[in-house]
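In the two complexes below, chain A is the common chain; its partner is chain B in one and chain C in the other.
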Partner chain A sequence: MRSKHLAAEKKASGSRYTALRSRRLPASALLDKRAVLAAIVLAAAIILMVLFSAGIGTMRIHPLDVLKVFAGQGQEVHKTVVFQFRLPRIALSLLVGASLAASGAIVQGMIRNPLASPDLVGITNGAAVAATSLIALTGGAASVRWLPLAAICGAAAAALLIYVLAWKRGVTPLRLVLVGIGLSSALSAITSVMVIASPLRIAGQALVWLTGSVYGAAWSGVLTLLPWTAAGLALAFVLARQVSAQQLGDDIAVGLGSRLQLQRLALLALSVALAGSAVALAGGIAFIGLMAPHMARRLVGPAFGAALPVAALCGGLLMLAADLAARTVFMPTEIPAGVFTAAIGAPFFIYLLRRRRSSP
Partner chain B sequence: MVALLDRPSYKIAVLLLSVAFLAVCMTASVMFGAKAYGLSTLQSAFSAFDGSDAHLIIRTSRVPRAAIAAVVGAALAVAGALMQALTRNPLASPSLFGVNAGAGLALVVAVALFGFPGLGQSVWIAFAGAALSAAAVYALGSGGRAGPAPVNMTLAGAAIAAFASSLTSGVLLGSDKALDQVLFWLVGSVAGRELAMLTAVLPYIAVGFVAAFALASPLNVLAMGEDVAVSLGQRTAAVKLVAAAAVVVLAGGAVAVAGPIGFIGIVIPHIARHLVGRDHHWLLPYCAVLGAILLVAADLGSRFLLMPSEVPVGVLTAIIGVPFFVLIARRGRYAE
Partner chain C sequence: MTKLTASNLSLAYGRQLIIDNLDFAVPEGRITVLIGANGSGKSTLLRALARLMKPEAGAVLLDGKDIAHTSTKEVARKLAMLPQGPVAPEGITVLQLVKQGRYPYQSWLQQWSEADERAVRAALEATGMTPLAERPVDALSGGQRQRAWIAMTLAQGTATVLLDEPTTYLDLTHQIEILDLLYTLNEREGRTVVMVLHDMNLACRYAHHLVAVKDRGIYAQGAPGDIVNAELIRNVFELDAHIIPDPLYGTPLCIPASQARRAQERQAAVPVHA
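This part shows the complex of A and B:
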C-alpha cells in the first residue's frame, strides 16, 4: 500500500498549518492545526452533551444507560424514549444550530460587519411572514408539511427584495444591512397581523413558531433538513476562499480576481438556503447566527475555511444547550428555545459592541 | 439642504394650512367608517345628545379615535425628530431603535405578573420600558471619540428590538391570560381605545411637547456638533438628558395608548426637514402637525383597506414607511 499517497509535511516547527499535498492529483490543502484541534474538542463536547441531554427529561436515564441504548442494548422503555422522542429533537437542534451558524458566518463575512446576522437583516422575518400567513390562512389545518417550503420561499423572497432595493450600481454591505433592517420591521408588522387575524389557539401556535422551538421534532423533520444542511455546508466550504477574499474589502477582492457582485449574490443565496431551511423547521431562533461565528473566529482566527466548520459546531452546541434549557428549566412547562438563545444572544451582542468601541 | 419654504411668512402660512387640513382629516375620521354620518348628526351628537346609536358611536368611538390618532401621531413624530437630532442619525426613530419594543415588553411582563394594571400604572410601566431600552441602545451604539457611529446604533436598536420582541412572545406563551389581553395591543392601533386612556397620558405627553419645543435653540446648536456646542458654552449633557427624557415620555406615552406604531418617527421628520429646513423652532411644530395628519389619515385609510375588517394602523404606517426608509438608506451619509 502506498502510504505516501498523501504526504503530510510540516513547514517549520511552530507553524499553524500542516500542508497536505497529493502526489498524483494536482491538489493540495493547508490544514489549520488550531482549527482541527478546536473541531475535535467541540465535537467531543457535543457528544457528551448529546449523552447528557438524551438522559434528561420527565424520565431520567443515566448517561451510561443512554450509551447502552446507542449500542443496541438496554431496556425497551429507554430505547423508545431515546430514539422516538429525544434523539430526533437533539439531531434537529444540531442541524438547525449548524445551519444558522454557517449562514451567519457567510453573512458576516460578506457584509464585513461582525454585528450582522440573518435574523437582524430580515431573512428570518421573510420566512416568518410566509409561515405565519400559511398558519393563519389555512386555519392551522394543512400547515405542517408545507411549512418548510413556505418558509424557504419567504426567506428567498425577502432576501431578493433586500438585494434589489439595496442595488445602486452594485450592492454595498452597509446598504444591504440598513435596507434589511427597515424591511424586517415592515415584515414583522405583517407577521403580527397574521397572528392577530387567526383564532387564539392558532395564534399561540404561530407565536411558538415565531419564537423558535424544536418542540415535537420527529425523524421526518430531521431527514427534511439534513440534505439542506449538508449541501449548504459543503458549498460554503467550497466557496470559503471567496468569502475570505470578500472579507478583505471590495477593492482587494476585485484585485484578487473575484467577480464581486456575482459572488455576493451567490453567497446571499447560500445563506438564505441555510437560514431558510433551518427557520422552516425550528422557527425564528434568534442570535445563533450572530454568536457562533464570533466564537469560531475567537478560536481559530478569521480565515473562513477554518472558521466555517468550527462555527457550525459551535452553533450546534449552542442550539443543543438552548433546547436542553428550554425543556428542563421550567419543567414541566416548556419554553421556546428561541427565548433562551435571545437571552444569551443579547448580552453577547452588547459585549461585541463594547469591545468594538474600545478597539476601533 | 435647501428648504422648500424659505421665508417665515410661507412657513407660518403652510403651518396654518396644515392645522386646517388636520381639522378636516379629523372631521372626516369622525364621519366615515363602517357607517358614515353627516355633519348635522355630528353637530347634534354634541349639541343635542339623544342616546341614539349614531350619537353613541360618534361620542364614544369615533371622536376618541380621532383624538388619540392625532396626539399619538404628533408625539411619535416629535420623538423621532428629537432622536435624530440627539444621535445625529437620520434613521433614528422610536420604533427602529427599540424604544417601542421596550415599552411593549414592560407592559406585557406587567400584565403577565399582575394582571392588567390600571391606566395610571400602565403609563409608568411603559415609560420605564421605553427609558430602559432607549438607554441601552444609546449606551451601546454611541461613545468613543468619533461619536455615535450611525450603523452601530442602528444595529444596536435592531438587536434590542429583536431581544424585546422575543422575550415578549416568550412571556405571552407562558401565560394564556396575558396572551388574550395583550395580543390586540401588540400591533399598534388606535381603534377601540377609550378617551380615558388618552386623558391618562395626555399630561405627560404635553410635558414632553413643552420640553421639546423649549429645547429648539439648544438642539440647533447641538446639531452643529458636540465640540461646537461645548465651545459655545452649552451644557450638552443637560440638553441631551432633557431631550432623551422628552423622547421617553412622548414615545412611551404613545405606546401606552396605541401600542407600537412604527415609522412615523422616521417619515415625518424627513418630510418636515424638506419643507422648513433644519431649524428646530420650525421643524418641531411641523413634525407635530404633520405626524398628527399622517396617523389620522392612515387610521382612516385602514378602515377601508380590507372592508369590512380593519387593518391595524401600525401595519399601514409600516408599509408607508419602508419606501422612505429605503430611500434614506440609499443616500446621504449611508450611501458611501
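This part shows the complex of A and C:
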C-alpha cells in the first residue's frame, strides 16, 4: 500500500483515531494514534537500551562510540566486541522477547484470561521435557546442536496433545486451560525426574536451559530465529481481527460470523510457532509472555491490532533489560536472564492475581 | 427483509431432548417475545435460531436456505444475536466494542470503510451511547453496558436481531429503557426483534407476537391480548393468576396468586382506574 493512495481523514470518530482509506483500492484501516505513540516511545527506548547495552561489559564502550561503530566508523576493537559478541546477544534478546510476548498476547486473547501465558498450552513444558531428555540421554556438547529442534518439536507435540485431549465437538477456552494445566504439571514432573536422575554436570546444563538465557548467542542463532519471529508477527497481525472477535466470547464471535474452531486452531499453532522457536533458542524464559501483553493492554487497551505490536515491543524491551542485568549485575559472573524475568514476573503475577480477586 | 423459520426442529444436549419437532416462523418486522418457565428451552431455541447450536434434526432456514449450510459471515449480515450476560474484555472502550459489530463486513484489507463508520455512528446514536463512546465498558452502569452491547448488535446492520434476556439484572427503570429502545428500533427501522423476557407483564406490553414455550414445543403463540389468560399462565408457569388489562396500555397484566397468603386475606376487587 503506497502512501499516496491513502487519504487520511481527521474527522474520524473520536480524537484517538484516524481513518485511513485508499481511493483506488478497497482498503481501509482505523489507526489508533495512542498505539502509534506508544510504539514510537517503546522503539525509542529500545534503541537507547541497545546503545547502552552494547557498551556495557568487561570492556566499557561509550554509547557515542557504539553509535560510531554502527555507522561503520570507530576503533577495530570496539567493532569486534560490539558486532561479534554483544550485538548477536542483543538481537536475539529482542527477537525472543518479541516472540514470547506476541505468543502470550495471542493465548491471552484466545483464552480470554489475562493470567494465561504460552506455558498454559504446554509450550514451555513440552519444550523442557524434550530438551532435558536430549541433554540427559546424549549428555553434554553433542546435544547442543540439536537442542533447538528438540525443543520446538517438544513444544508442538505438547500443544497438539492438549488440543486433542481438549477436543469435544470443538475446543473451548475452559477445557483448553484445564487440560493444559494438567498436562503441564505432568510434563514438568517428568522434567524434574530427568534433572534429578542426571549426573551433576549434566543436571547443571539442563537447569541453565530450563531457566533460559541468551548466553553465547551468535549471529547464526539470530538468523535462525529471525524468520520465525518475522513471519509469526506478520501472521499475528493478519489474524488480529480474529483475536479481537474471540475476546468477546465464543457465542458472540460466532454470531459475528467468525469461523471459531478453525481460527482457534490457527491461532494456537501460531502461538506455538512463536513461543516454541523462542524457547528453542533461549530456553525456558519465564513470564515475558505473561507480562508484556498485560503492559501493552494497560498502554493501549485490548483491541488486538493495537495491543500486538506494542506487546512485542514491550517483550523485546523486557528481555533486553533482563539480559543486561544477567550480564552485569554480578559481573564478571553471568546469571541466566531467565532468573531476572522470573524475579520481576513472579511478583507481577501475584499482583495480577490479587488485583483480579479484589475486582468483581 | 429476511425470513427466519424453524422446520421440524429438534434440539438436544447429549441425550436430553429440549425442543422436539418444532415448526415456527418468526414474524417479519415485528417484536416476538419468547416466554416460558426456567429451563423450558427458550435460550436453547434462540441459540439454534442464531446457529450457535446444531440441530439434532430439522433445520433453521434463513431466506429459505439452511442456516447450517450458509457461510457464517453471510448469516452474520442478516442476523445478529446478543446472548445472555455477555462479558466485555477488560478495558475495552464502547467504541471498540461497537466496532466489532462490523466484523462480517470487514476483511484484512478493508478494516474501516465509510459504511462501517456510518453504521457505528448510527448505532451509538440510536442507543444514546455517543457521549460515552470513549469510556471503558467495565466502568459503565449495568444499563449503559447493556446499551453498549445492543449498539454492537445494531452496528451489525442486520434486519433481524435476537436477544436473550436483555433486561436481566437491570433495575426497573433500565428494563423499561432497554425495551423502549428496542421498541423504537422496530418502529423506526423495521427491524425484526426476537427476544426472551422473564417479566410476563413487560413481555405482554412490548410483544406484537408472544410465544409460550412448554413441553419441548410451543404451547401457544399470537398477540398477547389474544392468547394470555389464566389458563395459559397456569399451564405454562404452573401458577394461579388473575389477568387484568394493563391500566396504561390495555395489554394483559398478570396478577399472580400467592400460596402463603390465604384466600380470605385477599381484598375485595379494587377498581383499577383509581
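General remarks:
Following the convention adopted for this analysis, the second predicted complex is superposed on the first by the 347 of 360 C-alpha atoms of A that agree within 3 Å, B and C clash if a C-alpha of one lies under 4 Å from a C-alpha of the other, contacts with A are read in each partner's own complex, and residues count from 1 in each chain.
Rule of thumb we're sticking to: a contact is a pair of C-beta atoms (placed from the backbone, for glycine too) under 8 Å apart; a residue touches a chain by one contact, two chains touch by 3 or more.
Everything numeric here is computed off the predicted structure, so don't read it as measured data.
Partners chain B and chain C, once the complexes are superposed on chain A, both fit on it without clashing. In the superposed pair of complexes, A:165 makes contact with chain B only, with no contact to chain C. In the superposition on chain A, A:115 contacts chain B only, with no contact to chain C. In the superposition on chain A, contact of A:344 is made with neither chain B nor chain C.
When the shared chain is aligned, chain B comes close enough to touch A:195, but chain C does not.
When the two structures are aligned on the shared chain, A:179 is found in touch with chain B, with no touch to chain C.
When both complexes are overlaid on chain A, the residue A:45 reaches neither chain B nor chain C. Touch criterion met: A:254 reaches chain C, while chain B stays clear of it.
In the superposition on chain A, A:266 contacts neither chain B nor chain C. Looking at the shared chain after the overlay, A:153 reaches neither chain B nor chain C.
The wider contact with chain A, measured as residues touched, comes from B rather than the other of chain B and chain C. Rounded to the nearest 10, the angle at the Cα centre of chain A between chain B and chain C in the chain-A superposition is 80°. Closest contact between chain B and chain C, by C-alpha atoms in the overlaid model: 13 Å.
Shared contact residues of chain A, touching chain B in one structure and chain C in the other, are absent. Interface residues of chain A facing chain C in the complex, by the touch rule stated above, are 12-14, 16, 19-21, 25-30, 112, 114, 238, 241, 244-245, 247-249, 251-252, 254-259, 297-298, 301-303, 305.
If you check the complex, the residues on chain C that touch chain A are 47, 50-52, 71-77, 80-83, 86-93, 95-97, 99-101, 103-104, 106, 108-114, 116-117, 120-121, 133-134, 136, 156.
On chain A, the positions that touch chain B within their shared complex are 113, 115-116, 119-120, 165-166, 168, 172, 174-175, 177-179, 181-186, 188-190, 192-193, 195-196, 200, 203-204, 207-208, 210-211, 284, 286-287, 333, 335-336, 338-339, 342-343, 345-346, 349-350, 353-354, 356-357, 360. Residues 91, 95-96, 136, 140-141, 143-144, 146, 151-152, 154-156, 158-163, 165-167, 169-170, 172-174, 176, 179-180, 183-184, 186-187, 262-263, 311-312, 314-315, 318-319, 321-322, 325-326, 329-330, 334-336 of chain B touch chain A in their complex.
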